[in-house]
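Lettered A, B, C and D in written order, each chain numbered from 1.
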């Protein structure tokens, strides 16, 4: 595509790295709503501002310069004018929001990250990045998502936290639960190499769900929690039945955050036998859906990976990223779909 | 039974009125756990202290006198020594608690309200009552239960609240949601005479669920909520599928309180098709189980019905209570089971 | 002034009534910061849209029509782009916000309410009003301010609330504390006719502070609160020393909301003897500043006064408003400054 | 003293180490209320159960055995029967609580830690300790106090936290603020060797308040916080004026926790010029007193120092503790009073 004419107070980003995540697989499979195909995928990217027209400010009022390394919030046009924005203050449910690489199509311009350049429209929220591109991408979009989930979980210092799933969101949730004060984090997931990543991220104990049925999993959780269940469980699996199991693995009056159900995988199965008396009411549970993330999660994530001390857990994963050229995008998608890599990235300059 | 020997700092209560509630029906049906049959039912009662041995203090340190009208928290022996009491601060999940009229049996003494006298063991929490017995009973055990639910719902001034169910908990939830600042309260329930009670309690609009399927109910809720759903939904039905409907009837990022699932009615049906993506995650909902109530709920309830101004909504229901003699207990249970009365009371002096 | 050229998506409001409040007195006295004198005062107004250019939507996406009765949030240009808006989510501290009638001057156009017309710039948040203008003005700007304060106070059903001050914010705080579930509300203020308004608003007991020193006030509060102090105290006085007294009049582990300190009246006096050990730390208090209000408070306020049932407490004050013609603005200011009227309004058509 | 006759379900603790803290200095100076002199000081201790009569259970229901290493909550007899315990749920303000080593006197038996043995009365809450005695004492009573303060501060992941004071509570607050997710922690205190401890605890930057006046301190905080002030400030100094400075050093809409005012040091000075408009209302601050700590804080603290991973920051301070024999208690008190040691301990077997 040709370089676009820049609107006032907009910019071009020369992409260094762009992420390939589970959402991109769903996008390819046509499982997301409101997608204006065709489009350029890639919603979370890092790069350098190659051209600025007008003025671009960060949230602290400092002006960006060409050459600055930035990332940007993929969510755009949260309207600040609708009932969800202004009354409910639930901006992730604003009906007017657009997402780069997902709900912006080709007609909207260069709005996806799997490209050499991205057009940052006026009002796009850029964040200065002091981290190297790889450390940022070790978190990727999973970091703000997990941050939102951990925030919703209201973990108290000394809690035992259970994470279901060890994909990118699960692994980031482990790191963040520890950063937030969990005494220890347990993780149930698969396959083995991802559980190894969970352990590297700091999980005190991991269990392969492919080798243990629900009953065995529950026993394992109870063994690690004085027979009570986890204080906080973060579901990051994508499997509907895991939502019910998350409730069962949590102690009475605990909190369950549901963050793994991005896409419609259908209803909970009859086998799961969700019983509101036993699983929810009598347990006095809090079950909290967690949709999307907002600027604050993205900003805090960028600050963490930019901090020389706090970024350590992510920096340690830098060498475990799988890089693909633009021409290898389908290969990258296949790797993510099959779960054979921890994290796939598009390097348009590769 | 013979009058018991009183332990130090215990008392006898001469019962004026004792409640017959849904829990008593389940008790009769053998559907509750941990019940030491045979027992005297009746967990919420009002009466006068007929005999005190030693000293009985209220929470403000004032000594009770024989002749005082009191009620007492049916939950006894919350231990203040276990993990749930001291670390989780979730005292309704204390494993050591006992409940008068439910988990105290005949061997424990005169521990049920459907009797002329109740033995108030040491440590029983009594509350002075300035209300007449009928106004107190217009709330009964449903008032603190609904108060707990409304508290969990964190209603904001100006919210639209939906109550599912118009049994005693539902009707009390309507009154309390208004007292807490709801702009208006909607109610879906049945039969017609209970919906009339919901209207009397202040519901702005009611819908008979027997005459409207789930789709029609959703349409009705959306019509009354600018197309968004209720800010807060309180489920007080007893039907497992209503838990899923409660989520669907609630606006994105709203709160759902599940308080109606006291007993095991089995799992959510396949027809309900609970879909965690659509019903929970994408909606960014908070779903909150609500089990039991603690002293604070009981105390605040007693203060409300004792207040000349605040008690008005309950006082208005005084004339709609159905009184039964001790010998008519089975008749009272049948009336509650069939839903043919708003509220049944045992009057041991009747 | 000449009728302005309207920008795209802006409008003209034909003013019915505009408020004269304490802030206007401070404005006149030059005690506010950031005021671009000369200006047209009047920050909260109600009227009819007399001319619309382009499209004006409410938060629910419905288009406004010429002739609609509306009010509008006086705060404009909350930026949705700065750290306070996006990270802290403390939009009342956004440094970019402008306020009609206060920080918009004559150079900005017809931006004050004491006029026949107001120019509603693009992005001004209008709210449809089903109430008559007088009922809305019985609340005026004090209603959303008090709503914010009551929200910050997290009143629980059954609490005893103390309001310091019986100016417009204090009187509205009484009504809203009751709407939010307070068992009873106490009020300390002066002079007598305003205390009568507090009683009309629902205060269970009032005390004239001019006739009782701090010690007597404390005794009075303790008498009405079983010797503990209020659960929640809302300071709405403007007197710095009242902030310390508010702490002393509140029970241990209670909440104190400071909403009455809009303007710099200097430091707490030496006589007040603010002792952090006795007044704050040992009492385990929460003391909460409350600055401004946001769209949600304004919107909820408009819904309350537009509701046939909920508006009753405000409608009852309709007849106690003092109306002034445009030419009598100084007279209105003098009346507010001296506290001789409950509420002064400018009627530009009077 | 003679070994006491043990009541049923009580025990004797053979003390290994007992703490000397600032409270003990105030105790010696006669600055605390409700102290029944003479008494044995020492409120936080660690040791082994040397004799048990009857049954002693931990919160998880496991029986203690003679020889177990334990600590115990110094607060005893929180009544679970008064308004503060049951309605306000503010157990640190229960009027019936007693504190070992502070409000238990000689007449109450062996109730202080600066002794070879402590009599653990029935109902004393013991906690099993897997940590060595020194690691536990590196936290001491300051750890649960700081944990309570950090909890009250509601630190979010990525926040910048300011700690005023670098005594034991300040140093523990630094470690816990980081454990709770602070991006970085700043500390203002003195003298230099304590600031070095703050740095060792993880503070990103420290400032000596003896060398910088209030203006310079504010400038320093603003420099480290993008000109806004800290998100959360924890005051742990003991100086009344620091309470006002804490507000000024905090960003608008931030949180201030006041935990350093254990004793009456008189009112805030006139020089401090506490201005409620500028310092509190306009800043939309939350200022939170923090009194005492409860079992949950003590339990979580014991779990942290017992955890092989999480205890690391405290284990690193083990070598910096100053041990004194029983006969050197006055020497220990003098060292604490003069601030010449980081932490003083009584070793009754030394």
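Just so we're on the same page, contacts are C-beta pairs under 8 Å (C-beta built on N, C-alpha and C of every residue); 3 or more make two chains touch, one makes a residue touch a chain.
Remember, predicted model here, so these are calculated numbers, not experimental data.
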| item | value |
| --- | --- |
| Selected pair, out of B-D, A-D or C-D, that shares over half of its residue contact pairs with A-B | C-D |
| B-C compared against C-D, more contacting pairs | C-D |
| Distance from the mean Cα position of chain C to that of chain B, given in whole angstrom | 38 |
| Cα-centroid distance, chain C relative to chain D, in whole angstrom | 41 |
| Multi-partner residues of chain C (each touching 2 or more other chains) | 60, 83, 226, 299-300 |
| Chain D partner contacts - residues on chain C that touch it in the complex | 83-84, 88, 90, 92-93, 226, 228, 240, 243, 251-254, 258-268, 270, 273-278, 280-292 |
| Residue ranges of chain D touching chain A (in the complex, touch as defined) | 60, 147, 150-151, 156-158, 176, 179-181, 183-184, 204, 226-227, 299-301, 303-304, 307, 309-310 |
| Residue numbers on chain C that touch chain A, as the complex places them | 57, 59-61, 78, 80-83, 86-87, 89, 123, 125, 294-296, 299-300 |
